[in-house]
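Below is one structure, written out as structure tokens; the observations come after it.
Order as written gives the chain letters A, B, C and D; numbering starts at 1 within each chain.
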């Protein structure tokens, strides 16, 4: 047991660069403006991506930069960036190294997404610490313990839901959780819960949204006779299955597939799509704009 | 011009086998029953596929068989198959060679699906004769004429729609058209038209149904921020975009893609999905069951 | 620990049908011939697939049939099938239920394929018993033990290889192992070892064969600048990476991907391709013909 | 006819921005350096992509910029860029608008890639003028003429090859051809021809390179029993099928596919892969480094 737990910690990559993310109305000179601030403070830009949505005239930028040669300090650089952002009427956010967020995973009884998160973390692909696993059932406690992670059960009934969510929020806040991953958690989280962690809850839905919003998507896919099934990772918002989409993928099926086959094939999709979305979030490669995600780094 | 037209004719494959398609309630011995009839009449089975939908206990079979060694004749064999079908309470249908249907293509102004049908036919991939092209606009007449195909314009307004459809039906019937392909035809065909040609009208919808049913799917895909766009070929029924799905496919997009990019990428999908569906129909590889298609031969 | 191990056992599906696989020179009436034997013995055919390679005039059939209503017994039916096969100069093989083979997994230090096999087995997707894990290193012992499976280390050096393989063969035979899965086992198994288990060893190669045969395929893919990486599951034969291919898949990469990125992306491919191939073998859906696999059931 | 030809011209997009492409040894400040030159000359950067190959410490950049607000002139800006490039020991290249290259297409008898190029050009997706079609056969003259394009036949025999290539080069030079597309041209072009147009000849090979280099790849794919076929677009160099890869894709096949089926399925791949590669080249999104392509804009 101990070996599994300790191994997982050592392989997580050490991300030593900072990330600047910018969004706002497009205007002339915006790329040069932020580049010059970073450059002027002695920070070497390692990579930089920009995107302009020409329909809405909105501009987006993500730059990774090395702070080891910074001539000033974090506060001074932040102020410099803020001034430019203010002048250009834009939003700018810097994430300082190490990029290693604290993550809580919510599960119920399905294991596949949970295992994939644990194993991909163990393989060093997810730069984060999994600080706790929260469930409405005790079933996945033993798996969690193998990986040396805290497991907390909050049983949910219609009557206790609000109260239990309050306790969950307390726990999550006490652990300074940055990101919540709903790994096939079979409860609808409340509007209040969602708005407590805006763009910090990632859910996996087992369909190609917006097709088959809501419950039993595989059964409905079977009924409709579609030729592909899908999975969608999105930020959870008050509107069920309507939050900003981070990642989607599909898999070919045919008439030989029963509902059970769709469920089995879907597991492969769900776990991979969820991990890709979580990785994007952890690497600060996402900018949410309205109800859409700009996904950098592909 | 002449060379284009004549070349297209010569390459169409000559399909010399017959096809038996069977559907009905599953029961013991059904595979053996039909196999024995064909075998007993001296017909060699070239290939045979079966499918049992265990949820509904429905059975489906498609067998291609050689009639060159048939010991009896078509009527006798048909009677033999009908008797077995009746005894087993099943539906059985034989299509005799050559499998070379008469096809009418409906177009408006978009060219891409139309070109693909013409060129894949010219390449010998579609075993059919394209006997006429019907449009509500004159735009694609010159392309059609290059391929030596008759082009008829039926202008449609709200007032003339019923009347014009009646004339279209007359023309289609007079030409003994087996299959109608709506190749991005920008008119909704009426319930009456659909029911005149049940499971004989194939439409291409430019989304991954059931996502984005109805108009402007690429615009809505852009708005929703999906990560894949799709196309769906289905039999047209009275319920718009709700008919049995024959084929679907998707293509990855990202935030850099404008609506115009989605439309351009979508064209590649639409034309390929439509041709695959038409080919399946022409080769008698489809069995419609309720609102779903069994697709053999993949 | 105990819970992990016991859970895995209970979910494995109970396959209660028998499977007939036939191959040989194509001739008239062959489909009807075997169908009639099964039917004549009271066995209901649940599904049946045939394939004729027209280039070589070779015929292949796989039929799953229910033996609960068999009028005779296994020996009599086997004899009936053998007689027809002999008359038609074909090879016929019946596998009786339960289809639940004994499997040994070979590993070295890479975990990803091994975990996927263990977890997909635990999810009930692989109808087999994993009777032992063999490695040239002790590293994966603790994972193996969590799943309650025997772990044996056979250290391999150039000098001890032949001797150690002999011991491995003894162990595998004593456990009546049906299938050996090389789950990124970092040793080349000898010709003698391969020929001891013909078409009973499945290897995963981390490239799209025949591209990048041999060592370090991801490094060579990076050097060549390919736009997709691949993985190939095949039966191990005396010719390295040249055995019959069971399954392959690819994944898009781009110039941003380092060799390490290719390795990480490749892991996702390798584990999925290997599991699909193992599943095909376990369900008796493969017929090896020369150096190719006929893959039924897709 | 006239309508086809004239329509194709009008839809070609007018690209009014300039493109800067940079490559060389990575060093601190390189992103800021070029950005500041463009900005300092009043050019607004519309989009910018960078890539650092960490293994080789090589840096690559592509920036699209608007010259309508340029404060100086093309010569002055070019000089400014050249000075920075020289100081940083890098290679820098500016392409001025309009980005509308002159293209020659080489064909033999296969039509599919040729049609796709013609039709995608007609749809406005390829920003270029197709100034002539060169063939070793007269077969595709009538198609070419429909689109109002010049068609020249240069018959090739072993004895006349060098001489004929000389004439082809004369014609291509007289037409100021920027890019040569070998659209399933069934002749191996000589080393001399290749080196006359370095990184200006795009070939489509009908396999997933480096698998099945050379002739008859579909036959060899069939023999090997692979589960996917592929197509590769690459710059033609003196080493046959070994030039820098621009684009690749694959398509699933199975044991039911004959060699003829592979050829038919392959056509769909070839035409799409070739068009994508040509489009990348026309939009100046490629930087060749050694034997690899950096592909921007995906």
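In this text, a contact is a pair of C-beta atoms (placed from the backbone, for glycine too) under 8 Å apart; a residue touches a chain by one contact, two chains touch by 3 or more.
Keep in mind the model is a prediction, meaning the values are calculated, not measured.
How many degrees of rotation carry the C-alpha atoms of chain C onto those of chain D, rounded to the nearest 5?
An angle of 180 degrees brings one copy onto the other.
By mean C-alpha coordinates, which chain is most distant from chain B?
A
What is the distance, in whole Å, between the centres of chain C and chain D, each centre taken as the mean of its C-alpha atoms?
42
Chain A to chain C: how many Å between their CA centres?
Centre separation, chain A to chain C: 36 Å.
Give me the residues of chain A that touch two or more other chains.
Residues 51, 254, 256, 298.
So in the complex, which bits of chain A are touching chain D?
28-29, 31-32, 35-36, 38-39, 44-52, 69, 298
Hey, which residues of chain B end up touching chain A in the complex?
It is residues 51, 53-55, 208-212, 222, 224-228, 230, 244-245, 247-250, 254-256, 258-259, 291-295, 298 of chain B that touch chain A.
Name, in rising order, each residue of chain A that touches chain C in their complex.
So the residues of chain A in touch with chain C come to 1, 3-4, 111-112, 115, 119, 122-123, 125, 142-143, 146, 254, 256, 264, 267-268, 272, 297-298.
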